[in-house]
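Mind having a look at this structure? Questions to follow.
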Amino acid sequence: MFNNSKFTKPTWLSISWLGLMLFLAVFGSLLPFKSWKFVYEDDLGVVPFSPGHILGTDNNGYDLLASLIAGTRMSIFIAVTAVSLGGLIGSALGITAAFVRGKVDTVMSTLFNVGLAVPNLVLALALVSVLATNVDINQSVPTWRRVMVLIVSLTIVLIPILGRIARGATLSWSGRDFVTAARSMGMRDRQIIMKHIVPNVLPALIAVAFLAVGVVIIAEASLSILGVGIPDGASWGGMIARGRNDLEYSPHVLYIPVIFLAITVISTNQIGEVLRSKLDSREAKV
Amino acid sequence: MMKLFTGGRRKVVAIMAIALVASLTQVPTSGAAGAGTPKRGGNITVGIFDSFPGYCMADNLANSSLMAGRTIYETWVEQRVDGKIVPYLLKSFAHSADYKTWLLTVRDGIKFHDGTPVNATALLLNIQALRGALYINGLLGRSPASKGKLGTAVGFTANIQDVVAVGAMSVQVTLYKAQSDYPESLYASGRFFARAPSQILGTTCSTKPVGTGAFRLVSTELTKLVVEANPNYWRKDAKGGKLPYLNGITFTYLPDAQPRVSGVKSGALAATMFSSASEAKQILDLRKNKKLTSIISPIDYYPSIWLNHKIAPFSSKNARLAVSHAMDRAKWLKVRQKGLGMVPDSIVGPNNIMYNKKGYAGFDLKKAKAAVAAYKTETGKALEFSLPYVSASADSTANAALLKQMWQAAGMKVNLLSVTTAEAIQKAFPMQFQLLPLLLMEGTGTGFIIPFVVSDMSGGNPKHFITQIAKAVPALKGLPIYFGILNISSFKDTVSENLLFAARAEPNMAKKKKLYQQATQRLQEEVHMTNISMLGYSLTYSNLGGVGKLPLVAGGQRRLMTNFGIDWTGVWSTK
Amino acid sequence: MSKFNFWLQRAAQVIIVLLIVTFGASLLLRLIPVDLATILIPNGSESEREILRNEIGLNKGPIGYYLQWLGDFVQGDLGKIYFSGGTETVSDHLAKAMPRSLLLMAYTQVFALSVAIPLGVISAYRAGRRTDRIISNILFVMASIPGFAIALILIIVVGVKLAWLPTLGYATYSEGIWEHFKHMLMPVLSLSFGLIATYTRLLRADMIASLREDYVTMAMSKGLSDRRILWKHVFRPSSITLFTSAALSMGGLIGGAIVIESIFATYGVGFEIFAAIAGRQYISLQSCVAVISLFYVFFNLVVDIGSGFVDPRTRDRRANV
């Protein structure tokens, strides 16, 4: 689809970085590290490049490299899952709405507007805090359920955003001649959507999805900072939240996850932007 | 229904903390002590780590907000640096030969901020209010909604059988069981204030504190208390001059340590308090700062882990042993306290009269694993429980994570249970958690400890007025208004209880100590509760003079620094 | 379609959206599997809880509860915050918090625009050259760094290491203008980084398009100075998009500042929301979310109508999407 063009150096760097993150997310647990929660009681808050701790430790005695690798897995997992789900549901709704038009479209658009009427983070915050309430006080919310709640909440936040983009793109394509032609040839709606709309809308959605991954990573970190993330789990946001109280004494505990997070977001944005500009130029040629 | 004495976020957040060995000192550790002549005037801001839930009997100010509250309020008795309780707003207290009747006489000429005199009527009303009398029978104009809203003070006053005024300035307290250290109960670690009758009886009891203190209320909200000098304050300085020196103080709630540190460093805060529970790093750093003065309390605070005997798994002694043996207290000290403090070897610290190492289930991974296995054989189930913690706090989260890890290492399954502070306190009385870390034991004496560890096997105080009323009011049926009302672990133990009551009654100090130590041993052998650390509190300030200089009226000094900070009456600003 | 009808339709849409948002928020509360009264006043007695349930309509069905909440909300009663010493009203809290958030937003906008406009003009003027490329790359990175990261780094460097600025809190004008700005500076910087990038890129793109217009070529051929052409003929028409986008971001700023407000404890609306969640004060949460949505939707509407006045093309474009 985009293979006929050469990527610039920043783009290659971004791709490599994301590749590295993906590798850590998938194979990080196979690397020869102790559990990130292992407490090095004699090395509390040591600075980076200390013997045995390349990135240092935090004040709980957790090794930061091990935390970072475990955090990459969690942050990337949450982001990729939420964006995939949000993209899938959002584009299904958006494409349907735009293609069917009429009442369905009105209802969908209103619902999208409702979702967009609440600022993203407020919506996610409200959803997480309500969904993660435990019924029985001695029954704590297990970590896996907290992760699920986070993913579901972020997905709900993404649906109207991606849905609206899918709808917009579909609208602009469904008016084109070849769709009209296909219809007059007696093609069924489902076939038209699958054959003509989806392939054309997909690239735009993929470009946006890269940007959305960045947004979700930041959102997850924000939720952790606000204390509604995954409390004793490893994620970049969780690391930042843990390090906040000690920023005066061990700033590296904050710098390291912040830098990782920022580079990752820069990379996803770079790739998203590149894809989008390629699309735009393709559009222009059409 | 109940509220905890030790409310406030930090007490629960700071549930586990550690003592400071180096901190036994009572002398300012660094910087200029601000000697010289007092200077009048000035307004200062003080950073604290507890909020202000209110000022009525059932609203409990904790630690640093208690310090703020004590600028408005004073107590009937005070504690000297050697631990002895001496009269303060009282002129004197005297007891009968059997230690069952105590005569309390109020000092003359003291007035509340509203101009009304401090006399027998006021003292009587205060004691009755603490007992819950005004609330239960509703005779004194309380709204129906307030009915049954009892403070923890009810547990602290459970031994009182009757209280009457005898003359204009004296009140006689009759006790159910003899107690030779009753004044300690009247002090309740600085919490039993003299509140003006107008506050107690009015509708703004929670929001408008009226006391006798050197400062009076300007405004208060959940996160802030502003006070100004009381122009008619009763105490005078050494030269007979008026007190206090400061014009006003603003106490600001800053839950995170970092802003308190930068505040006091930049001078925006004249003083700020820290708890060594989770702020050891900050305390250590500030002690090194030449421009600031840091004082630290003795290690007289013994945060406990309460184990609910009513429900599984801690109805089993094996489970309790497992939990206690699995806690690597030395590691905790290193990791959470940066090595500042010491490893506890009793449920109270070495300064306490109850201190006894015998029977204490200290760290022993082998024994812990054996107990876990024994529990499995006993019940057929794996040992599993939930640990409540405050997820909004990074410290509480880190504490919980480390505890969980230690218990898991011994083969237990631990779930983290996110709660708010208010929920934790609500569910502590009566205890609904399986286990709860909560700082409730403190000091050198037992006045503040006994209410939490007596088990009420004796059937309580049958002549307590609530017992009588409870027979008639269906809603109060089953309310445990006996000694055991504050027993969070909900354990039943005749042996320890008899020892504790015998110790309380015993006037001979050596014998008393022995009895208390036997009780401690029993409590430790049965693991009715355990602990992971002991802790102290610190205050860091700059440009202040007179800290800890003003003597008590009965002679001697108050403790320089406690969990409720310092006495602000004799403090001046050198700016 | 007449203009009047169009606005009427927009207004109706807005009201429907708001009703659904607030109903959704109130329904969300009812989904909590625990008794709400117990959560709100954990220390209260059963009779107090019963009174509370009656008072805020928890004993009614979801719709009855919502209608009661809506009725109260419209009359300015936003519910209460409960703690063991009593209650405080949400409206009191918001009355204090709202001006702080609005000021924070206003400063952020002014700061972001005053940096973005010169940057945008320069990079459009030098489009494709080195200056432009450098600015664009820096801005791209800026846009990608989350505000909280900037906030934390600022605290470490400016607040703690250099000790130039207070790291938290809010100072009113009465505490001194200088104090006030000292407290505001770091939150404003943290919030405006992303905005500066967005605005600059927007302005640059728009100005480059304008530069290609015929009237600019004309002006150039007349021998007008570059500066005059840039500001008068290019910047002015291009600025409409910029200000529209700025206005649109206003609503988002109120809520988006939650993390920044909680990091700096500025006690604005975002902080109120954070406090409501941390203390499980769900009634306060519901009302705060409603207020924020109200602002957000209101700003969008105003911008819509406003930009319709200024440039009918914008309105039509919006109407189509």
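Going by the order they are written in, the chains are A, B and C; count residues from 1 in each one.
The rule is short, and it goes like this: a residue touches a chain if its C-beta (ideal position, glycine included) is under 8 Å from a C-beta of that chain, and two chains touch if they have at least 3 such contacts.
Worth saying up front: this structure is predicted, and the values here are computed from it rather than measured.
Contact topology of the protein chains: fully connected, every pair of chains touching. More C-beta pairs touch across one of A-B and A-C than the other; that pair is A-C.
Chain geometry summary: the mean Cα position of subunit B and that of subunit C are 44 Å apart. With each centre defined as the average position of its C-alpha atoms, the distance from subunit A to subunit B rounds to 47 Å.
Distance from the subunit A centre to the subunit C centre is 22 Å, each centre being the mean of its Cα atoms. Annotation for subunit A: residues 134, 227-228, 244, 247-248 touch two or more other chains.
The set of subunit C residues that touch two or more partner chains comprises 39, 160, 278, 280. Each of residues 258, 262, 392, 423, 427 in subunit B touches at least two other chains.
Put simply, subunit C touches subunit B in their complex at residues 39, 42-43, 45, 47-48, 51, 83-86, 88, 159-160, 163, 166-169, 265, 278-280.
Note for the complex: subunit B touches subunit A at residues 256-258, 261-262, 281-282, 285, 331, 334-335, 338, 386, 389, 391-395, 397-398, 400-402, 404-405, 415-419, 423, 427, 432-434.
Against subunit C, the residues of subunit A that register as touching in their complex are 110-111, 113-114, 117-122, 125-127, 129-130, 133-135, 168, 171, 214, 218, 221-222, 225-228, 240, 244, 247-248, 251, 254-255, 258, 261-262, 265-266, 269-270, 273.
Partner subunit C is touched in their complex by these residues of subunit B: 1-3, 7, 52-56, 58-59, 144-145, 147-149, 206-207, 221-222, 254, 258-259, 262-263, 265-266, 268, 392, 420, 422-423, 425-427. Contact residues of subunit C toward subunit A in the complex are 13, 16-18, 20-21, 24-25, 28-29, 31-34, 39, 140-141, 143-146, 148-149, 152-153, 155-156, 160, 251-252, 254-256, 258-259, 262-263, 273-274, 277-278, 280, 282, 285, 289, 292-293, 296-297, 321.
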